[in-house]
Each structure stands twice: as structure tokens, then as C-alpha cells.
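Structure, as C-alpha cells:
Just so it is clear, A, B, C and D label the chains in written order, and each chain counts residues from 1 on its own.
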Amino acid sequence: MNTRPLFIPVILGTVRKGRASENVAKFVFSEVQKHEGVETELVDIRDLNFPVDDAGEQIKNIAFSETCERADGFVIVTPEYNHGYPGMLKHVLDSNLKEYIHKAVGVCGVSAGGFGGTRVIESLLPVFRELGLVTIFWDGNFSGAQKLFAADGKILDEATHAKRIDKFLGELIWMSKVLRYGRENVSI
Amino acid sequence: MNTRPLFIPVILGTVRKGRASENVAKFVFSEVQKHEGVETELVDIRDLNFPVDDAGEQIKNIAFSETCERADGFVIVTPEYNHGYPGMLKHVLDSNLKEYIHKAVGVCGVSAGGFGGTRVIESLLPVFRELGLVTIFWDGNFSGAQKLFAADGKILDEATHAKRIDKFLGELIWMSKVLRYGRENVSI
Amino acid sequence: MNTRPLFIPVILGTVRKGRASENVAKFVFSEVQKHEGVETELVDIRDLNFPVDDAGEQIKNIAFSETCERADGFVIVTPEYNHGYPGMLKHVLDSNLKEYIHKAVGVCGVSAGGFGGTRVIESLLPVFRELGLVTIFWDGNFSGAQKLFAADGKILDEATHAKRIDKFLGELIWMSKVLRYGRENVSI
Amino acid sequence: MNTRPLFIPVILGTVRKGRASENVAKFVFSEVQKHEGVETELVDIRDLNFPVDDAGEQIKNIAFSETCERADGFVIVTPEYNHGYPGMLKHVLDSNLKEYIHKAVGVCGVSAGGFGGTRVIESLLPVFRELGLVTIFWDGNFSGAQKLFAADGKILDEATHAKRIDKFLGELIWMSKVLRYGRENVSI
């Protein structure tokens, strides 16, 4: 089996000013970095400057597409806006197709209220499936996200959250590894 | 009962170049215009120039918010992108909240393939509900949308499509009227 | 406007032994009874004895269909089983069609875990829409449901829950009233 | 890599009398049988006689649970009832949990109308994910299902349907193989 490190970027999926998801993404990113044999990168969709006068593969951002092409798995950190996904996250995701096929994705849902972004996660399932991604069955759930972090952006109850994210990342790494094996060794 | 005309704008929900949804929106718009007692307007989200460095009510477009405030019902014409809604449509919808409450919405799903945009319609249901909109149970379904129109943008099989949209608009007008009655006469 | 009392039955949507939803349904039922001008009834799907060798309108239970026919609105109390609805609830709901049209429904989601049945609520939206029901945009959410009630079935923190359910019922009653006005006075 | 045959049962997911899904299931079952290295079995949920006075793992049917335990992948053939899944299918699926983990599933949607059961497929995605199943991104879509078969149950346009199901099964076999490799060789 391939022993090359896995590449699992963390995508921060909102451009909203004051987004609590930024702290969540940084926390999850630092947790991914603790895993040996996993390379990562924090991708902030705000920095990608996608055009908004067109949509789909026509507006590919080469650097982002290369990141997706190279990835074995993804963490998507996304707030829940009106029980759905942020428009700009979808706008960005729709710019690739074959780059995602047979790769793993795990979602961290972020919400102001108490339900841990469960609804944005449900809403992404059909999209990820159509893109060829496999959504793992562990989620990150960050309820009341504005209150989870200190002023300097550090998570307050680190032990609890690190433990949960560890379970989530364990599953994501497993699925990323298994699908990479499939892509490299099993023909259709 | 209030006899003021209903106002039901048609929202063209994609910025994509070459969008088949534009012809669909124009066709539906012309059908709405045939209904006495209904005023309408074609709103192309491409013309709204929403900023993309923030999201939500912070980026309200005053003209669009006034249109939504004045509306009794909405037609949303939307393509299906990877089994979900176009990012820019969601980005625009998320800019209002109270403007939508207790109003009706009908969806025209547009797809290149054969399933009439059924999946984008399903994906919008939780969003519309959270926004306070009531999604009617008739849909417009435009399968193989690129082939439904002549080069000049006129629908080819007008009789069939007009008949279907008539059913759809009948239900949308009913729900718009009933909810307006409620907003104006029934206290919570 | 019609001043006949509204009829809003509460449906207990699971047959599972040890169901926490039974206490939730009884609590909500007692709250509905406090509303003047609203008649109600607690319908336990366990008592309906639907056959399971067929499905759909063929297996109509006359008493249940009459209850639905007479209803102006519904409260559905449902646990979340594997992020979806209980099979027996769907089996029962599918036995009617025209009985539901242009009526209101509110959902109380019940979960063992912390997310208040949000996912079963999302999963019911397409079904209710197709049945002609209007799902209101307030929900009842009962997280950790086994711990919310005393041994005798009384809710522990009555004040908090009564206040929340009052908001929910206010909206449900509004929508039931408005749609009844529409059914009785507005032609399609 | 393990060369033991894969086991991929086909589940016929409705008890409704006159179900068109029965012909679909038999057709798909016969296509699966053509694949070397794949064992299969047609499971008709009507034959399972699940009790309906309880729900979940408490009502396990031992033979069915053993089939699920042994399976590497599943084909679910399901009609769309009111834009959702048949109640009895969910009732049956909910009786297992660990039996499904890290296995593949493909869905054949069956509809009377023209949209190929797309909506029942979308509605199953959250359920399958929570059960630990990976839903592949090819579907079987059987629109107008009553008209696709001769009186003797044989599919009319066999060439077209066999070609499509071949693509679907190719993907399902790939995912079943890859996940089996993972279950047997990759630790979490």
C-alpha cells in the first residue's frame, strides 16, 4: 500500500465578515497537522477571488483546482445559512468536477444556535455525492460557535473538542486512505 | 378581501454564461403577465451586482429588498448545479429575511438532463421554509432545457408548456392571495 | 371569517416500545388543549393497526382518514431514526392524499442526542409538500428526550417548554386559520 | 487483495400490491448475476414479515441481518412514494446498524412519472450515511415503470437498460471491492 502522505486540505467555506467559522477552521487545521502521514493546507474561499459573472468549470481557479486534484480527502468547515450552505461555498465547489472523484470529505457544521450545523450538513450530501465525493459518517458539530473561542481565537474547551475531532479525523483519514488505494489499484 | 393586484416577481437565479434558464424565465414571465390582477417583474440576479466579500443581511441590495418586501409571491427559475442550487442564487436569497415571511414561492427547475431540476427543487425546500416562504406543491420542470427553445428564445412546444405553467401559476396565485389575506387580517 | 373551532390533531408517529415521543406527544397535546377555539385529539399510530401487506391509499383506515379530512392542521411528533422518519409513520401518512391538501403541519422532532430531531424534520419537508401540506417554520425540538420527563411522564422544565411550544402553536394556528380561509373562500 | 467473490444482494423495497418495482428488481438481479466474481440474492421485504409493534434493532430478523452482515454492497430497488421512501423499507433498514458499516449501496429509483425516482434517492442519502453505507454516485432510474415491462415481466428495451445498469453495477462493484479492502486491511 502507498505510504506517501495523504493530503487533506481544510476549506473555510464562507466569506462572511465576522465569521465564527474562521476560528473553527483554524482549530481543525491545527488538529489535522498533528496527524503523522497527513499533509494539509488551510484554504480560505475568501482568498480565491472567484469571478461572479459566470459559474461552473468555466471559472476554474487553477491553484484551487490543483489543490483539489492533489487532495485525497477534504475537511469542509461551513456555517449554516438559513438551513442551507453559503452561496459562495457552492459557487467555489461547482468549479471542479473530476478533481473530486472517489475522494473523501468530512464536514464541520458551524451554527450560532444549538444544533451544530446539522442542517447544512444534510443539505451538502446530494451535492458531494454528485461531485463524486464520499461523505464520511462522522461530523464536526460546532454549536453556539461565537462562544466557543477566546478573544485570541483559541478554543476554550480544547480537550472535549480535540477528542471529538480526533474521532472525525480518524474516520476521514481511513476513508481517504481506502479510496486512494482504490483509485490507484482497483480498475472499474 | 383586498382586490389590489398581487405582485409576483420572477427571479432568474443564475449568472452562468449561456444559461438556458434565461429563456425559461422569459417564458414564465410572459405567462405571468397574462394573468389579470397580477403584476410582475423579471429580476435577473446577474444585474444585482451583489458584493462577494460578505454575506447575509449586511449586503442588502436596496432595490432587491424593496422588490421582495412588495412581493406577495415569487417564481424562482433555477438550474440544477450538481444536484444543488447555484451559489449566487443562495448568496442573493440570504440577503433578506423578514421580507419573505408568509409569502408564497413556486420553483421552476431547469436541467440539461431529463429530470426537470427535481433535485434543485428538493434542495431549496429547507431554505425557503427557514426564510418564512411557503413552497407550493406544483413545480415547473424544464428538462433538456437547451433544446426547448428556438434560436430567437421562443419556446418550441408552447401549448404544452403554457398549459403546465398555467396549473403552476394557478396554485401560486391562490397561495399568494391566501397568505396576503392572512398577513393583512389574521393576527398571530 | 369562519369562527368554527379549528381541529388540530396531534399524531404520535412511532410504534417503538419505550418511545420517548409518547411523553412529548402527551405534553404537546395538553398544550394544544389550552388554546380556546382549537379542538384536538391524540392519534397514536400504534393504535391504527395498518395492514403491512400493501401500501398507499389501498390501505386507508377509515377513522384515520376522517380525522385527516376534518383536520385544519396537524402536529406530528416524531423521533429521528437514523436521520430519517420512522417507517411506520410514513406507511400511515401515505394512506391519504386529498385529505391533506392546503392544510398546515408543524413538526416536533424528538431525539436521544442533542440536535432536537432537526434531521427528521428536514427529511419530512419534501413528503409534506407533495401531500399538499404546508410545513410551518417553527419547530418543536426535544433533545435528550428520555431525560426531559419525570417517571410519571410529566415534563420537568415545564415553563421553558411551554413557552417554546406556545410560539410553535401560535404559528400553527395562524397557518391553519389562514389556509382554512383559503380553502373556503378563494377559488383556484 | 482478497479474491473471494463479492456478495451484493438486491433488496426489493416495497410491499405494495401491483408494485412495478418487482420487475425492476428482477431485471437488476439478473444483470448482477452476469458479473463474474459477484454473488447475489434477491431479498423481497414482503417476505421478511417484520413485526410492526416495535422498531429498530429490537425487531431484527436473523436471516436478514445475516444477509446484511455478509454483504459487501447492496442494490436497493425502491419506488418513490410522495417524494419519500416507502415506510416498510425504512422499517426494515432500521433493524440493523453495524451490519452496514463501510459497505457500498446503489439505488434504483422507480417512478410512475417521468423523473426516475430522483426524489426518493435524494431522501435516502442521509439515512444511508448514518447507517455507515456509502451511496455510489451512479443511480438506476426507472421512469414510467409500469410501461417498461411486457406482461411476462421481461424488460422491453433491454439493450438500453442493460447498458445503463452495467455502468451502475461497475461503480457499485468498484466501491464494494475498495471498501472491503479497507475493512480487511486498513485500521482506524
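The working rule: a contact is a pair of C-beta atoms (placed from the backbone, for glycine too) under 8 Å apart; a residue touches a chain by one contact, two chains touch by 3 or more.
Keep in mind the model is a prediction, meaning the values are calculated, not measured.
Chemist: Between C-D and A-D, name the chain pair that shares the greater number of C-beta pairs in contact.
Modeler: C-D
Chemist: From chain C, which chain is the farthest off, judged by mean CA positions?
Modeler: A
Chemist: What is the distance, in whole Å, between the centres of chain A and chain C, each centre taken as the mean of its C-alpha atoms?
Modeler: Here chain A and chain C have centroids separated by 36 Å.
Chemist: Averaging only over C-alpha atoms, locate the centres of chain A and chain D and give their separation in whole Å.
Modeler: 29
Chemist: Can you check how far apart chain C and chain D are, centre to centre, with Cα atoms defining each centre and the answer in Å?
Modeler: Once rounded, the distance between the two centres reads 31 Å.
Chemist: So which stretches of chain C touch two or more other chains?
Modeler: Counting only residues that touch two or more other chains, chain C contributes 83, 119, 122-123, 126, 129-131.
Chemist: Answer with line, ring, star, complete or other to describe the graph linking chains that touch.
Modeler: Topology of touching chains reads as complete, every chain touching all others.
Chemist: Along chain A, where are the residues that touch chain C in the complex?
Modeler: 83, 114-116, 118-119, 122-123, 141, 143
Chemist: State the interface residues of chain C toward chain B in the complex, per the touch definition above.
Modeler: Going by the criterion above, the answer is residues 1, 122, 125-126, 129-132, 134-135, 137, 170-171, 174-175, 177-179, 181-182, 185-188.
Chemist: Report the residues of chain B in contact with chain A in the complex, numbered from low to high.
Modeler: 14-17, 46, 50, 52-56, 58, 81-94, 119, 122-124, 126-127, 129-131
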